[in-house]
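Some notes on the structure that comes next.
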Amino acid sequence: MARYVLDFEKPIFELQRKLDLLKKVSPLEKTDLTAEIEDLEHKIEKLKVRIYSHLSPWEKVQVSRHPDRPKTLDYINNIFTDFIEIHGDKLFRDDLSIIGGFGFLNDVKVMIVGHQKGKNAKENILYNFGSPHPEGIRKALRLMKLAEKFSLPVISFIDTAGAYPGIEAEERGQALAIASNLMEMSALKVPIIVSNIGEGGSGGALALGLGDKIFMLENSYYSVISPEGCASILLKSENGDSSKAKAEASTALKLTADELLERGLIDGIIREPLGGAHHNPSEVFVELKQALVSSLLELKKLSTNKLLEKRYNRYRKMGVFIES
Amino acid sequence: MARYVLDFEKPIFELQRKLDLLKKVSPLEKTDLTAEIEDLEHKIEKLKVRIYSHLSPWEKVQVSRHPDRPKTLDYINNIFTDFIEIHGDKLFRDDLSIIGGFGFLNDVKVMIVGHQKGKNAKENILYNFGSPHPEGIRKALRLMKLAEKFSLPVISFIDTAGAYPGIEAEERGQALAIASNLMEMSALKVPIIVSNIGEGGSGGALALGLGDKIFMLENSYYSVISPEGCASILLKSENGDSSKAKAEASTALKLTADELLERGLIDGIIREPLGGAHHNPSEVFVELKQALVSSLLELKKLSTNKLLEKRYNRYRKMGVFIES
Amino acid sequence: MSITEWFKAKNKYIPVEKSGTRLNIPDGIWSKCAACNEIIFQKEVVRNFKVCPKCNHHFKLTAEERVNLLLDDGSFVEFNGGMISNDPLDFEISKSYRVSLNQAQEISGLKEAIVTGEGKIDDRLIIFGVMDFRFIGGSMGSVVGEKVTRAIEKALEENLPLVLVCSSGGARMQEGMFSLMQMAKTSAAIARFKQKKNPYISILTNPTTGGVSASFATLADLIIAEPEALIGFAGPRVIEQTIKQKLPKGFQSAELMLKHGMIDLIVHRKDLKNTLSKLLNFLY
Amino acid sequence: MSITEWFKAKNKYIPVEKSGTRLNIPDGIWSKCAACNEIIFQKEVVRNFKVCPKCNHHFKLTAEERVNLLLDDGSFVEFNGGMISNDPLDFEISKSYRVSLNQAQEISGLKEAIVTGEGKIDDRLIIFGVMDFRFIGGSMGSVVGEKVTRAIEKALEENLPLVLVCSSGGARMQEGMFSLMQMAKTSAAIARFKQKKNPYISILTNPTTGGVSASFATLADLIIAEPEALIGFAGPRVIEQTIKQKLPKGFQSAELMLKHGMIDLIVHRKDLKNTLSKLLNFLY
C-alpha cells in the first residue's frame, strides 16, 4: 500500500496499521486473534468502499496527483513494446518533462508522446514536475509531425499541472508554442488518441491533448485552471487557500471525468481500482490498452479527410451560448 | 574621403594630406600655388587609378570590410521604398545581425533580408558585426517563408564574416539552422535574388545566399573559409598571421567576383567606383537597383515549377570532378 | 441601445471622445496619468488616441473606440451581436457567473468580450474583431470562441483579410473546460484559414495573456503589439508565485517580447491604422 | 586493389580486424587507450567494435569497417567508386592539393572521403554512404558533394531509405567555393528527397562539423550520434579564438547536443545496427 497518505484516506490507514500490528502480535499471543483480524479486514474493506467509491472532485484532484500513481513511462513500458525514445525539439533543448518515441501497440507502429512526472523529489526535478517549457511543447509537436510524415498514429498521455510559468518559459514563447501545437494538431493527418492519466492542467495539458479520442482515468481531472488558482482568484477576501475553498472550486469547475463525459467534452472513462490507479496499476494498463486498441481500430477505418473533418467538427461544436 | 585608411591606400592619403595643406596655405601665400595644386590633384588621380584599378584579392578583401562601405540598411533605404521592418524568429530572439522586412522595388512588392553590419563600434556590438546566431538564420528563413506564402520575391543581401562561432550559437544549433535554410531556400516557391555587397563568409553567408540570381559587388568576396583561417591552417609552420600569408590564401581561394564569375558560380558583377562603394555609394545603388529590377523581370516570367527546376539545376551542376 | 444597434445606427464617424466608459483615465478636465503621475489635460489625451502625451502610455481602448480608430468611418457592420453566454456550468463561487455577466454588460454596454464584423481599412474590406477588456477582463468563454471562429470562417469563405485586436486575461474560468476548448476551436479554425493565402494580422494590446495568447492571438501571419502592452502566457502573479521572486520591470512587455523574437513589430497607436493598411497592401 | 574492386570482389563477411589502417589505436598486441590511458588488449578492442573496453571511447572506423559493422554480410555494392577530384582551383599553399589527394588515397586506400552504394540492413535494401576521416579529414569537396547527391537521388528514384554515416571536419577548402556549393547542392537534393516519404537517417560520428554538419548531415528525419562524438558547426579552436577562453570539457559532444535538443538519440556502437534496423522498421 502507498506510503503517501492523503487526508481523506487517513481513517483507512489508521485501521490498516492496527491490522498490521494485530497480525504481527498474533503468533506471540496465547488467545486466537483470527476473528479480530478477520473482523478488522472486513471493516477496512467496507471503509475503503465507503471512502473511495464516492470521492469528491477535490479528493479526486488529490488522487490524480498522488506520487505513487503510474506515470507516462509506466504506461509506455506496460502497454507498448519495443519503445525507442526520441529526444529534442531540434531548436533549443531536450525538455525531459515531455517524453516520446516509437513503440508498438500490439502489432501497430505508433508514436507516443506524454508529460513525464517523477515519483520522488529527484525525479521531479529532472522532469520539472511534468511542466513543460516551450521547448517541451515543441518537442512533442516535432514528434507528432514525424509521426504524420511516416503515417504513425499518435498516442498521447496527459499528466501535468500546467505549462511551466517561469521567466524563461515566457521569454521563449510559451503562448506561441501552445498555440502552434493546437493549430498543427488540429490538422495532423494521423489519428491522435489522448489519455489523461492524472492532471490535466489547462493549456499545458491541451498542448498535447487535441485529438480524435479523449480518454480520462476515473480519478484524473481536466480543467481550465487549477482549483487552487480558481479559489485564490474568486475567494481572495475569504480564505482562498483553505481546503474548503479548493473543494468548492473543484466542484464548481466540473473538472472530473464524469462531469466532462456528461458534457460531451471527452469520449470515455478508464475505471481505476478502489483508491486509485496506484493500488493496482496492471488493471489500469490492461483496460487502457484495450481502449487504445479498439479506438485505433475504429479511427484507422476513416480516410484522412474524414478523420480531419470529424476532428474539426468535434471542437467546432464545443461551447454553449444563446443567440438572439 | 574615408577616415579609415587601408594599408595599400596610404600613398594616396599621403598626397591627399599634402594637397589639403597646400589648399589651406594657398590663400595666405604670396606666390600662386594653383599650378602646384593642379599638379598634385592630377598626381592623386593617376595614383588612384594605378592603385585602385588593379586590387589584389587580399586588397579587395580589405575593401570589402571597410567600415565606411554601405551596409544592407543603406541599400534598403536607397533602393526600396516604404520599407517596414519585421522582427524575430518566433522562437528565441530577434537577432539584429539580420535585418528584414517588406518594401517596394519600384512598384513590385518584395521581401528583403540581409546581414546587417555596423559602421562603428557601437553599431557593431548591436549587430554583432553582422555575424548571425542560429536565431538570426531562422529569422531570415521565417521572413522568406512569409514571402513565399504571400508570393513576394526575396531580395537578399550578403555581408558577413560568417555565422557567429560562439558557445551559445553552437548550443542552439548553428549547423542545423544553416542546413535548414539551404534546404528550404532550394525549394522556396518565389524568386530569390542575392547580392553580395561585402563579405561572403562561408556558411553564414550561404544561409542567406542560395537563389536564382547571384550578384557580387566588384570588391566583395565570397569564400568557403576566411583568408585568415585558410592561412593559419595551411601555413601554421610559417607565419600564417602575416599579410603575405593572407594574401597568398586570398589568391589561392579564388574568392573574388571575377574569379567566381569566370567559374560560373555567380551571375553578375556590380562595378564599384574607384576605391570602393563608399567612395560614391549612390552610383552603386543605381547600378544594383537596375540589376535587381531586370533580374526580377526575367525571373517573374518563369512558372514556379520552371523557377525551382532551374534553381535546382543551377546548384546540381556545381562541382568539378573526374569519373573513370 | 445595444452595441449592435449602436453600430448599425451610426453612419458617420463617431469621434473617440464620445465613446462610453473610459479605462484608467479618471474623469475631469485635468487628471493624473496612472503611468507617469504627471498631470494631463483630458482632452489632449483623447485627441492623442488615449495615449498619455507625457509618457506615451497607451490607455486601454473600448471596442468602439478601437473600431473608430482603425476602420473607415461608418464602414463597420457587426456580426452575431446578439450572442450571449448561457452559463453552462451554473457557476457560482462567491458571486454567480450570471451576476458577473450582467454587471459586465452594464459596465461595457456590450453583450460579450468581443465585437466582430466586417469593415474597411482605407477602402479595403476586412473581417475584423476587437476584444474589450472591460467585459470580465476580456476573457474567452464560449461566446468569444464562437464569434472568433465564425469571423475566421467568414474571412476564409469570402477570401478576406482577417484582423483581430486582442485584449484578454485569458480563458474564462466560469465556463470551465468549455473555455479551454475555445483555444482548440479557434486554433483549428486558424489552421483551416491558413490553408488559403489570405492574411491574418493580430494586434496585441495591453494585456494579452493566457488562453487568448496561447491560441488565435499568436497564430497570425503578422503580430503587431502596442507599446508596453503586457504580453505572455502566464500572468505575472502566477510567475512570481512560482519563482518566488519579484519580476523585473518591463518583463512580458511588448518590447521584451519583440527582443525575444515573438512579435513582428511594435506600432504606436497613432500609426496603427496606417501601418495596418500598408501591411495589408503587402500581403493581399 | 581499389576499394571499389575490393568491395566488388568480396562476397563474404570480412571481419573488422582484417581492415586497413586503424585510427587512434597504435599497433601491437597491447596498447594504451588514447582516451583513458589504460592499457588495453588490441584484440579485445577490435572485438568490441573498436570501442575501448575500459572507458567506452569510440575510436574512428574506416569506411570499410563501418560497412562491415552496419550492413549485412556481402550485401554492399558500391556506386561511383571511380570518381576523383580534379583540383578545380589549381590549389597550392605550402603543399599542392594534388599531393594531398595522392597522399590521402595512399593512406586510406580510398579514392575520396566518402564511399556510397547500396546494401542491406537485416535484409532491408537501403542506399548507404559512409565518410572516412582519414581522407583529408573527411572534408567535402566536389566529389563528396556529388556522390552524396547521387546517393540521395538514387534513394528518391528507387523509393529506398537513405542512411549516411558522417565523419567530417567540414568543407574542403582546397576546392574553394566549389566546396561551399556542395552544401547547397546536397541540401537541395535532401529537399527533393523529403517531398516523398522515404526515411533518411544520418549517423554522426566523431567528428561531424562545418559544411557537412551544416548541410545534409543534420537534415535527416532522425539523427543518431555515437557516444562522445564531437558535433557542431564551428570547430573548437575557432570558437576558442572568438570567445578568447578555453571551452568547457564535453562541449560540442553528442551528449551536450542531445541535451540541447539537436540529436534524436545516442547509440553505442554495439547496438547501432540493431537500433538502425528497428528505426527503419518504424519509418518504412
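Here are some notes:
The chains carry the letters A, B, C and D, assigned in the order they are written, with residues numbered from 1 in each.
The definition used in the following text is that a contact is a pair of C-beta atoms (placed from the backbone, for glycine too) under 8 Å apart; a residue touches a chain by one contact, two chains touch by 3 or more.
Note that this is a predicted model, so its numbers are computed, not measured.
The most distant chain from chain D, with centres taken as the mean of CA atoms, is C.
For the pairs A-C and A-D, the count of C-beta pairs in contact is higher at A-C. Taking each chain's centre as the mean of its C-alpha atoms, chain A lies 55 Å from chain B. Annotation: 34 Å between the Cα-based centres of chain A and chain C. If you average the Cα atoms of chain A and of chain D, the two centres end up 43 Å apart. Multi-chain contact residues of chain D (touching two or more other chains): 260-262.
The residues of chain B that reach two or more other chains are 90-92, 172-173, 176, listed in rising order. If each chain is drawn as a node and touching chains are joined, the picture fits none of the line, ring, star or complete shapes. Interchain contacts (touch definition given at top) occur between A-B, A-C, A-D, B-C, B-D.
If you check the complex, the residues on chain A that touch chain C are 163-167, 169-176, 178-180, 182-184, 186-187, 202-203, 206, 210, 222-225, 229-231, 233-235, 237-238, 248-249, 252-255, 260, 263, 265, 311-312, 315-316, 318-324. The part of chain C that touches chain A in the complex is made up of residues 80, 82-86, 88-89, 91-95, 141-143, 145-146, 149, 171-173, 175-185, 187-192, 194, 209-211, 213-219, 231-234, 238-239, 242-243, 247, 251-252, 256, 260-262.
For chain D in complex with chain A, the residues that touch the partner chain are 197, 199, 221-222, 258-265, 275, 278-279, 281-284. By the touch criterion stated above, chain A contacts chain D in their complex at residues 82, 84-95, 102, 109, 135, 139, 146, 149-152.
Residues 90-92, 172-173, 176 of chain A are the ones touching chain B in the complex.
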